[in-house]
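Worksheet: one structure, shown below.
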Amino acid sequence: MLLEVKGLCVNYGRIEAIRDISFTVEEGEIVTLIGANGAGKTTTMKTVSGLRPVRAGSVVFNGQDITHLPSHERPVLGISQSPEGRGCFVGMTVMENLDMGTYARPDRKSKAVKDDLERVFELFPRLKERSNQAAGSMSGGEQQMLAMGRALMAKPKLLLLDEPSMGLAPKLIQQIFDIVTEINSQGTTVLLVEQNAAQALKRSHRAYILETGEIVREGTGKDLADDPAVKAAYLGGDV
Amino acid sequence: GDTTTPAASGGAAACGNYKIGMFGALTGPNANLGIYIQNGVNLALDDYNKKHADCKVTLENYDSQGDPTQAPALAKKAIDDKKVVGIVGPAFSGESKAADPAFNEAGLVTITPSATNPKLADNGWKTFFRALGNDATQGPAAAKYIKDTLKSTKTFVIDDASEYGKGLADIVRQDLGSQVVGNDTIQQKQTDFSASVTKVTSSGADALFFGGYSPEAAPMIKQLRDAGWKGTFVVADGVKDQSFIDNAKEAAEGTIITCPCVPPDVAPAFQAAYKAKYNEDPNTYSGEGYDSATILLDGIAAGKDRASMVDFVKAYDKKGVTKQLKFDAKGESADIKVFAYKVENGKIVSVGEIK
Amino acid sequence: MPEPTQPTTGDEVTEINPDADIAPVDIGVPDVAEGEKLLEVDEVTLRFGGVVALNEVSFHINKGEILGLIGPNGAGKTTCFNVMTGVYQPTSGAVRYLGKPLGKRKKFQITKLGIARTFQNIRLFANMTALENVLVGVDAHHSTGVVSAMFRLPKHRREEAQGFARAMELLTFMGLDGKANELARNLPYGDQRRLEIARALATSPQLLCLDEPAAGFNPAEKVKLMELIRTIRDQGYTVLLIEHDMKLVMGVTDRIVVLEFGRKIAEGSPAEIRDNPAVIAAYLGVDEEDAS
Amino acid sequence: MSTTTSAPAGRKPSSRSFKERVDTMPRAVKIVLWVVFAVFLFLLPLLNIPFITTEGSDFGGVLFTVATYVLVALGLNIVVGYAGLLDLGYVGFYAVGAYTVGVLTSEHAHLSWVLVVPIAIVVAMVSGVILGAPTLRVRGDYLAIVTLGFGEIVRLTLVNSQWLGGAQGISDIPKPPGVELFKVPSLDWSAGVPVVDLSTTSTFLKFGINDFVPYYWLALGIIGLVLLFDILVKSSRVGRAWEATREDEDAAELMGVPTFRFKLLAFALGAAIGGLSGALFATKAGFISPDSFQLLLSILFLAAVVVGGAGNRWGVIVGAIVVGYFPERFRDFADFRVLVFGLALMLLAIFRPQGLLPPRRTVRAKRADDRQAVLEEGEASA
Amino acid sequence: MQNLIDNFFSYTITGLTIGAVYALIALGYTLVYGVLRLINFAHSEVFMYGTFAALWVVMILGGHPGAGVGQVIFWVAMMFVAAMAMSGLIAVLLERVAYRPLRKRNAPPLIALISAIGASFVLAEIMGLRSRIVGWVGLDDTLRDYVRNSRNNAGLPTIIQPQPIFTIGGYHVTNVDIFVIVGAIVIMVILDQFVKRSRLGRGIRAVAMDPEAAALMGVNRDRVIQVTFLVGGVMAGAAAVFYMLKIGITRYDAGFILGVKAFTAAVLGGIGNLRGALLGGFVLGLAENYGSAVVGSQWKDVVAFVLLVLILLFRPTGLLGESLGKARA
């Protein structure tokens, strides 16, 4: 088991953003969290990457209890997140942003980094084209690509993707999901949050549904996608 | 000593519990100058209180740190204390200008043992008295020394833009006339004088007169010497302070200091008493401080209060340790001497009166 | 015990009030008849160093329509907004509004002429209340200065009263009237998006430009947004919409302009665009329909 | 006075509970309370209340100083608190106001005080525009250093221009014409209980050289007017435009706010109030020199605004009182007073990071954050 | 003007020496600004402590004029060690006491400026009251020479006797001039390399732009900030040594004016930009000297600030623009 979240509670002030949620991610899986706006998906992701302090419960990664580990020590363990709202370093160039992805890599000086860079450029040719443009002046979708590319540069064991398709053109959304499937098949475990539930469920091994801070259902991607109740609530008129 | 006053020795009942004030820099960069004066004042008080053990006069300190902006508030404080019948000070010209109008309005007499700017006496302040010569004599004396003794033909003049420094330097400039080869103005608290140094060295001056105080004089001469300038550094009473030598170190050697203050050996009795108390020779304006305080104390002994003190001081005419203490209509001292001093082996030694 | 500052349970959905009268007030610009050209982008080119963000783009917007602006990421859609609102000056070409070129007008002057916008990344005045945010928009056409405020001159009183009424009307329309005194930054994401629209409407624009208003919305919310956009148009506004959600774009627009690499590659009705092979290749992707 | 009339129009100071309590009072009671408070403020220098009254320095003078700080803080609050422009050279405007008075009443002309003060305000305002017009295009912290430079340029120009009195300054600035209506006695507490002391009085309004109380009264009245002005302007379109500009300049511009004009307006108004304060200072001091306008003073002014709570006029008043009064109060610490003051600033910053009376926006936003912090700390310690 | 032309090299060289000091101090402002977007107002005091450390170590070692080369080198080396250690320590302490608690409380940047101002007062006053403070522990007699007149100047004996090395345009360039200018540049090059090699530059910029995202990349914010303060402090320590060798006198409030100048230099070059600080320092030093030559020393600071305003009007983010080592890190 790569990631095990048990009885997690996280607050914003008095607001309980998530209440007692538990889930697991096995090595090699794609696991999706879906849920309405404000259900607590982002909060869950931030807690796994250490940006939000935990009120109760535990987070175990690769057998190590990381509940209270500072966020900056987690990338070293192999957790990397592409945050919601992108979080690019707007004043840095594209290249420098990608460079930041390798900040915590022990092998950051090795050739492997160059290969990974090539790989990211292959996935997102636009980034290569614009490698010297300031991230802040990139279009919304381009920044989204950059955020994902940067997370990939960390070569994580567990990749956290928070709404990677937000703001992307339909064609690119397809590509993003293809990329997710591909890197997963190459051995990276993925925890995914998506509004684009239909696509996400199709691509993932398992999924959890969050509602107002609690997990209300879980199952394989296919089971949930076929479930009429889920369909009605989350897949509705989705493209 | 002088005559004890029959009138005021009327016992405790008539005792006014009077105070005199000491107004000047007791802390801050120019504290030494204030403390030298304060020492003199304290000595005068000791003398008085020994004689009037039943009705002692105490000293109230108004520490301006030499900062004119603090002066008005301090003056107000002194004025509000009704026990204060006279002030020794303000010590510096700048703070005098700021504080004296209030003293004048309140009718509280001030005798300055050290503020030398000539213009101070031109304001028509009834309460202003100066127990020493002003820069209208010190300036020409300095110029004379530069011309006659140093035989300088090319002199550079720098001032610090202060009431005192600029006033004095301007007088020196006027007196030196065409032999002034360059002028510059610096700021108080400035530490880097590289531009001035270049100006002085490139002017070929063989003497430099600086009107200002020791915190600026010390780094200035140090940097000049570092740049290889060999001329004579001439300064005035504002730099006659041990801290100048402590900080300029070797660079201070040979500096000429003018001062309307008497050398310690002019008044041996005072020198001995001072030495007994403070374990060192009287320093800049200690004697003047002693004399100024003595005038006020004599007034107290004569039964004067704040209101009547002005006339008492105006009419005063006695020999003090530094000179005959007598003031003209503007409050200026009638008896004026300017002395030259020189820094030798880390000490300021007198080289005689400039006549 | 202090009360909770914000009602942020996920299931609370803000309902709009389509009945509220939010019709634009007269802002002293000439009126254009329904269906006539309101704004015209004419051969506009914009370069950033080597990047050609817009390449001789031309299209126009008619009064009273909802025009969709779509295209792949980085195609130049937001840049187009920026040129229309005075953030950037075109390298060549011109934007004509009401028949006259915008020229070198400043941003605020263009707003006063009647073009308003929302932002792809929400940019509210985070530390002002919802009401104050909208009032800033309303103020665009007010002229009270220090003197009239200081003496509370009649002009000031009149403007304040009218402004307040209009701002509340707009908040009511958006279903935000209950949150008028909440700080913008404390509002849930969806409400922030709506508040941005309210603030833009407050300037009484002839043309309202929305930049990906549905980003991050779930399908249910997207449907509501569609309603909202229609209602806005029905109240007398012209709308230019950037959006990647095809369902929404196809469902609400009258006409669509497609950009790619800074060039216009297609223009037409939603149906035409849906079947345009160039658009499919560049933007929609082939297996798009069988996704759900 | 105006303080009383202004009260109902503005937001009340202090915490919510206090505000609530005040709000629920009948209007008549409120008015009476405000009147009592105003009277108390006017009598403060004569009440000689133990502990509050400074021992080391004249209390009337201290109160006057505090009042000028309050005035300055109100002006600077427009610039820093409302419009969000970091100004480190505010003392420059203060100096311009003071020197206008000095030059026109003593150094080069002998105009009447009543005429000169409005001129000083206008000159300061113009200097604000002159400084602002080119520099307000510079953003953020760059503006801080540019304004700091301005303050120093003003001071150094004063030092080096003989026409402006040079380093020696300008003295004999005349007093304002007084009206001498009545005498107000003071209280004497030396017996432990207050006794009316008829021998120590202040004359309303006789501007002498050794009684600072009338100057304080004058300043207090002016503060009331400025406060009223502040309340009226802030709660108008102008105030909203400032806030919007501070929050997001580009977005504000795109919502139709001519941000540059409003920043300039804030600068000019702030400068005018600073100039007014400087004019008062010069009037009371009777003597001004460039030393009175050191950079340090700009920093203290800024400290007053920030410590009090930039953006909240009541907060900055409290801040000004802290910064103006405490160093005097700390005179007991003699040499250590600056040290103690520095420590106090640090402690205030650490324990009241949003200022003593933060503006409403911060209060609200902070409340949520604080509770969060408490919960998180509880967790960490558990 | 004629004076400037006649003595151009003299003004240039002396301008460069003081400029070197500005530049080194400016680095501290720029580095801290780079991470915290904050004017570290107390940095001037960090520098001032360095000047005293440099002075005291010479006093302890009995430094005096006219010593042999070996001894002089030893003294100067010890000055560097002492000043850099002292300034580095004070800077780190400052961060711990005045900034970190605020960061933990999410304080707005302006209040951090106030805390910095408070800290600046405290540090300066402690130095200005050192005689009193050591008096409490009864050490005032023992330490007499170190604490005497604590509000007045404290002078360093001339341990390096300035010797003209070569003459250029009539100005005798001395060993001290060369040492200061070359030394400062060497130190900056070392720093530049250090920032580049150590990832510190990237970490600083990342933290400045988006602390959360930086944490996600594995950047330890507290550490980056602390190292930044340390490095800035050490640079100020180096500046302090050069200052003492050149000016020779310090005081408890010596930091203030220099701090303002150095901050100006940092902004002039483009705050947050290391090379900008270097350039800004030199430009400012030269401008001041040239200005003094042309319009008189009393206008020196006015020249400096007018120049600053002019440059910012035409280059609103300084000569080299913002952002720490953008092209390199």
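By letter and in written order, the chains are A, B, C, D and E; residue numbering begins at 1 in each of them.
Just so it is clear, a residue touches a chain if its C-beta (ideal position, glycine included) is under 8 Å from a C-beta of that chain, and two chains touch if they have at least 3 such contacts.
These figures come from a predicted structure and were not determined experimentally.
Colleague: Counting hops between chains that touch, how far apart are chain C and chain E?
Modeller: The fewest touching-chain steps linking chain C to chain E number 2.
Colleague: Counting only C-alpha atoms to place each centre, which chain is farthest from chain A?
Modeller: B
Colleague: Quick one: report the Å distance separating chain B from chain D, using the average Cα coordinate of each chain.
Modeller: 38
Colleague: Roughly how far is chain A from chain E, going centre to centre by Cα mean, in whole Å?
Modeller: 44
Colleague: If you average the CA atoms of chain A and of chain D, how far apart do the two points sit, in angstrom?
Modeller: So the centre of chain A lies 51 Å away from the centre of chain D.
Colleague: Report the inter-centroid distance (CA atoms only) between chain B and chain E in whole Å.
Modeller: 37
Colleague: Name the residues of chain B that each touch 2 or more other chains.
Modeller: 27, 161, 185, 187
Colleague: Touching at least two other chains at once: which residues of chain C meet that condition?
Modeller: 5-6, in rising order.
Colleague: List, in ascending order, every residue of chain E touching at least 2 other chains.
Modeller: In chain E, residues 296, 298, 301 touch at least two other chains, as defined above.
Colleague: Report the residues of chain B in contact with chain E in the complex, numbered from low to high.
Modeller: 27-32, 161, 184-187, 189-199, 201-202, 214-215, 218-219, 222-223, 225-228, 243, 246-251
Colleague: Would you tell me which residues of chain D are touching chain E in their complex?
Modeller: 80, 86, 134-135, 137-139, 141-142, 144-146, 148-150, 152-153, 156-157, 159-160, 295, 299, 302-303, 306-307, 310, 335-336, 338-339, 341-350, 353-355, 369, 373
Colleague: Residues of chain C touching chain D in their complex?
Modeller: So the residues of chain C touching chain D come out as 2, 5-6, 85, 87, 106-108, 111-112, 116-117, 119, 123-128, 132, 135-137, 139-142, 144-146, 149-150, 152, 156, 159-160, 163, 183, 185-186, 199-200, 202-203.
Colleague: Going by the contact rule set out above, which residues of chain A touch chain C in the complex?
Modeller: Touch list, chain A to chain C: 13-15, 35-40, 85, 126, 130, 133, 137-142, 144-145, 163, 166-174, 195, 198-199, 211-213, 234-239.
Colleague: For a test of understanding, state which residues of chain D touch chain C in their complex under the given definition.
Modeller: Touch residues, chain D against chain C: 229, 232-233, 235-238, 240-241, 243-244, 247-248, 250-259, 265, 269, 361-362, 364-365, 367-368, 371.
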